[in-house]
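Structures incoming, each one as structure tokens.
Next come two complexes built around chain A: one with chain B, the other with chain C.
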Partner chain A sequence: MSVSMVTGGSYLESLLQGQPQLPSSPSAWLNQLRADAVDRVGALKVPTTRDEEWRFTDISPLAKLSFQPVRAVSSLQTADVERFYLEEAATRLVFVDGAYAPQLSTQPDEATDSGLIVSNLSTALSAHATAIEPHLGRHAGFRDNVFAALNTAFLQDGALIIAPRNAVAEKPVHLLFVATQREAASHPRCLLIAESGSAITVVEDYVALQEDAYVTNAVTEIALADNAQVNHIRVQRDSTEAFHIANCAVSTGRASRYRSVSVALGARISRYNLNTLLAAEEAECAIDGLALITGRQLADTHTCIDHAKPHGISRQSHKCIVDGAAHAVFNGKILVRPNAQRTDSSQSSRNLLLNAKARVDTKPQLEIFADDVKCAHGATVGQLDNDEVFYLKSRGLSEITARNLLTYAFGAEIIDRISVASLKHRLEQAVLEQTQRN
Partner chain B sequence: MIYQDSKTLLDVHGLRASVNGIEILKGINLTVRSGEVHAIMGTNGSGKSTFAKVLAGHNAYKVTGGSVTFEGNNLFDLEPEERARAGVFLAFQYPIEIPGVANSHFLRLAYNTTQAQRGKDELDPLEFEDFVREKMKLLEMNPDFLDRGVNEGFSGGEKKRNEILQMALLEPKLAILDETDSGLDIDALRIVTKGVNQLATKDNAIILVTHYQRLLNYIEPDYVHVMAGGRIIKTGGKELALDLETRGYDWVSIEQRAAARA
Partner chain C sequence: MSAVLQNLVNQPYKHGFVTEIESDVAPRGLSEDTIRLISAKKNEPGWLLEFRLKAYQQWLKMEEPKWPNVKYPKIDFQAISYYSAPKPKQKLSSMDEVDPELLRTFEKLGVPMHERAALAGVAVDVIFDSVSVATTYKQKLAEVGITFCSISEAVQMHPDLVRQYLGTVVPVGDNYYAALNSAVFTDGTFCFIPKGVKCPMDLSTYFRINTEESGQFERTLIIAEDGASVSYLEGCTAPKFDTNQLHAAVVELIALDNADIKYSTVQNWYAGDENGLGGIYNFVTKRGLAKGINSRISWTQVETGSAITWKYPSCVLQGENSVGEFYSVAVTNNYQQADTGTKMIHIGKNTRSTIVSKGISAGHSNNSYRGLVRIAPTATGARNYSQCDSMLIGDKCSASTFPYIQVRNQGAKVEHEASTSKIGEDQLFYFAQRGIDSEEAVSMIINGFCKDVFQQLPMEFAVEATKLLGFKLEGSVG
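And now, the complex of A and B:
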């Protein structure tokens, strides 16, 4: 693999050119946050494959893009994007190349949604400043992360969701990010605050209208208070020419439960960092992921589950189906801190290679500093299991039907965990289309 | 049951097979006619499960000698899926779990493949749902098992019922049940064997591969064969199974060696 020679300066300068000047905010803390982030952007460099955290993911092609200013006002109509809508979602925020599109969005109905707040972030910054301040930029650190720093420096719009105390949102909230513009750089920012005892499902969904090269640099922060439940579904179906970089940071309160299903289908190069901090006792997380890629795609998922307090439970299943000359990367770190006794953790990384040129690099990484814990992990890379194929053939299914069914099943096991039926169905179709041979 | 006008379904002559270069089957002879129930018994490692898998066509096993015909045709000319469509069915000792594929989808796919082969109508999901629910009653299976992944999280007994459900759907001419009794409690054994008995007709045949005589209290065999060292070393009626239960397997080998010397 070639080693990237990108230096911070030229790339970051070109990115900065594409950005509108941000007005200063009435909130001093927010101005300070942005200023700190701008400082870090100045100090940090774009990672290269010489950085351990990026050794398999060469993002130097990103530097070859020239960035154009994003159109401030989108002319998109419902007909252009409604095929992406989810029938179950009563509340939907749509962003076009990072800019909020109110004409395509539906805000919650206060009468029926038990006080749920769903708003675009720039509008909410003044109205909900006291709720936002303790969380925004506090979970997704940007000291050592140039992309999180860039996102924070350019912080302009995105989504704010607040599930109030004991509110149970029956219907999912759909955050739809639509890419329409070639060589645009967008920096969507999402903040989800689940107050104590609340329960909510959020779908974070990245789509493209055409096969363009552009860059999405997203940051999502999720804070769960005690006994809160968050069901986070993330779908990345960007253009296969696009760059998708995303950081998600989750912090969990006592006995709270975070469930995540992330699916990566698109992008030329994608990198998803998901950091889950089990910050209080008895917190639980279930982190599932599927990368389904082909051609020259690269999909890199880095997760960290940080067991900081006792009696935490984490379950993780990450799968990759790699075809063509595509390359999947998984790095799954489980950290069990010294006082996180009675931690119960399991992780599995399973990978299916459908082509001799396909490649996967998987690295389970366990760092356990407590002695009374249960941690299981395993990783497999390979082709379909011979006994599974035989089982299906012994029932009359042809070799090709058996293989198609098993490949589909491999991906569908993760898709099945998506609680939004219409989205699940669409993703099942996507898996079918990409895995079936004649 | 042994019938006068039965026809030969399976004819095995001098079958030899190996796995990873080690010969497991060392010359098996067996003839199975329609209507018959054969029990193949033997200790672990005697080759009885290998025999079952070779008949079904598992590619880990290499046939090195002998012949097998099914309804007069060379079985080894057929791929595993062709054997299944021709009417050979293996109920697995360890059925495979396939999370991500609904059991109902799998069962319908298998059923429709067989129907198409027989020139009969395929069933759409709704028609199949009604049809399979009837069959499930036979095995006292909860319809919830249709919505779960194939064998996913099923208990041992539930997996075996699901195997016999497939037998009920596919209506094979020759069903080979590999250790179908293992892992079953007494209630599950009663239900599973009741299902098998209801599926037995004068036109099909069943081979029971089992370690224990217990199964034969529920499904009465016409013939009992004892396997050891990759061969069938003794054949008798159902009373042979009772002898094995009380006396163990050793005496058969001793008797056979004595006969060989004589």
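And now, the complex of A and C:
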């Protein structure tokens, strides 16, 4: 084999370059967390397709390029990124190549927004240490996950949102991650703490200024206390040359409700792990996803919904629209632990293939250890229904218009669940453009 | 086969008397010598010995699979004796000597009186002459040109046929247990249905097994030529006790143009006691090749026995318009573990497959469905429908589903559905209202749950399977 056979260890070592130069944090526990993560990176290997969890996603192209962390301060101005702003979002944190860009961000006016804290992590760390410490690095485990470990090793800054007790944020918070440089590695980090009875909508948005090869390795942790409600919208619009790896860990309190819509449009290879732990009784989650890919893109979504306590409800719908020689992977695991009685769970994975070279691997998975449960899952793979196309043609639509409309409708079902109107509109446009390109 | 070895094996005992045991049972352990001994004992042609040795070489390089969702202590492959000459079973002289537990089972299953004796191993020549029945059977089949015999017999009588097809569907190095089987298999079934012949009756190992003991490493090869059709039944509903703990069988089916093979299994081997002690490990490789156009392979299985079941009857749909089917009921109770399912590999155009799997777990058992549906880039117009339902009885058992769906062709349509449910209090209450006690109600609900699969079984099997299920799950509800 060629140069791609960099052994796991030395490749990871090269990725860790620059980690020792990070300024040490005033918080001892954070330094300890980073040190633990560095140890784990040393012990773990880059996954290959021989690992069951990465069976269909070959990330060896990633190891062919050497990515380095960027620490140069960004000189981007509002005009450069304004087009990505959401009109509904009054508060916005912008990160450029992983570094916080205060000149582009708007933090909330504490008086008006019922005490909502939206800040970059390093600034808020000392003031809110008692709130942050029990959550940061505690939900997204990095023992067996080399990418989460790498992210944690580089943990210095990130986005922090704390919704205080009973605070209801009317407007969404926009977290915008902009990639600008070739061969740069960024490790974005988000922490969302929704205290009891609070409600908040967060948009996590990854964009690129140009078509470059870079790597984004994100970790997001979301903790919901009792009765909290979080609406999490995640949009990945990276460059089609880029690598996007993300781990999101959610932990829910009693009777809390977590809703998530994630849309993957970009990246050459993307991998999103979403682990939702229904850690208390009567917790609910609704997890929806859409991957719209073409060319030689690969979009891999792995989700795990862990019903640890009784009376949990989960709903999941994941859709992939695959064109060109693209490859979509979905692995959705639903785990019902012993004693998690009266769990009600349903999951569907639906895939639309638009090209003869397109490829789908899907694996909805149920593991059930309790008897009084209602669990169902379904998966379909297919192309557009000829009867449906015929029906539209009989109403005077051309073949192409009919096909585009049906493809659009297939994806729109997920996009419709996005509660931020301007974002929804933009994504609808993106789907429409993609379908019309053919 | 080396003549030296032959002589060595056949040498009379030097000290003047012959110990039969030494010549009939191979020493424990597996080595090339053991394989040569087996091959020599069975007077096999050279190519078969080569086949075995090749398998053995591959096996040495392989590792035991770790991915199944089952747990068991490591098997010591050197502690197994791989060959013992067929010998008559020890006959009991009357029904009074039969294990009362076994008799109770027969009673429950409603096995006819004369068959009970036969199954329990009582000398039954007067009541039920199994040998003569088998002979009538064979004559009738020979008239239409069907070959149905043990595989050792086939190696001697029809070596060309066996050589042409053996190992073509399950290659010697296919997986760990298939390689082991290929190296050491001692017996099994061979069935050949010539061109255009529709087999006039359901073929069953039942009639064969009464005359010969089937081995621990069973090998089955069924070939249906152009336009032929056959229905084959394996196993039997009565519990089967066996001293061999590890069973690693290989079954190969080949269907040529327009041929149709239906393979039904009812497996009720000893599952261990209620504490999970003992029981058979059933690690089986079953695969059918739908080679010709319009060919069809259908698997139906009712798996109720064995401590561990690890089995994925598969169909390779190579011929255009070929059809694969898999209907399965897997029941686990106490500490049984089952990891079973199917693989449907679509290669030819317009190939179709159906998967219906019903898993029932009770007690502390663990029941997994693991399936693969793969649509190759060549399989335009392929169609698959899968349904796998689980039922849990009690809160100490588990049910898992691992369906792999891999689609490489845009023109394919794949659907998969799975659900999990329990027998509801309200359902039992409904039955109680109508004067049906909970035991019968459970049995009726379960039979309703499994109806789609039982419908695929031959009639007598279906009736017995229905009762078998009720019996297996007795006492686990309420």
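The criterion applied here is as follows: the second predicted complex is superposed on the first by the 423 of 438 C-alpha atoms of A that agree within 3 Å, B and C clash if a C-alpha of one lies under 4 Å from a C-alpha of the other, contacts with A are read in each partner's own complex, and residues count from 1 in each chain.
Everything that follows uses one rule, which is that a contact is a pair of C-beta atoms (placed from the backbone, for glycine too) under 8 Å apart; a residue touches a chain by one contact, two chains touch by 3 or more.
Predicted, not measured: the structure shown is a model, and the values here were computed from it.
Novice: First (chain B), second (chain C), both or neither: which does A:338 touch?
Specialist: Second partner only, chain C.
Novice: Between chain B and chain C, whom does A:398 touch in the aligned arrangement: first, second, both, or neither?
Specialist: First partner only.
Novice: After the superposition on A, what does A:278 contact: first (chain B), second (chain C), both or neither?
Specialist: It touches nothing on chain B or chain C.
Novice: Just chain B (first), just chain C (second), both, or neither: which does A:390 touch?
Specialist: Only chain B; A:390 stays clear of chain C.
Novice: Just chain B (first), just chain C (second), both, or neither: which does A:409 touch?
Specialist: first
Novice: Look at the residues of chain A and decide whether chain B or chain C touches more of them.
Specialist: Between chain B and chain C, the winner on chain A residue contacts is C.
Novice: Who does A:62 touch here: chain B (first), chain C (second), both, or neither?
Specialist: In the superposition, A:62 touches no partner, neither chain B nor chain C.
Novice: Give me the intersection of chain A's contacts with chain B and its contacts with chain C, in residue numbers.
Specialist: none
Novice: Under the stated contact criterion, what part of chain A meets chain C in this complex?
Specialist: Residue positions touching the partner: 52, 56, 338-339, 341, 351, 353-356, 358-383.
Novice: In the complex, go through chain A and note every residue touching chain B.
Specialist: The touching residues are 386-388, 390-399, 401-402, 405-406, 408-413, 415-416.
Novice: Considering only the defined contacts, which chain C positions touch chain A in the complex?
Specialist: 67, 375, 377, 390, 392-422
Novice: Under the definition above, what is the set of chain B residues touching chain A in their complex?
Specialist: Listed in rising order, the residues are 56-60, 79-81, 83-85, 89-90, 92, 95-96, 98-101, 106, 109-110, 113-114, 117, 149, 166, 170.
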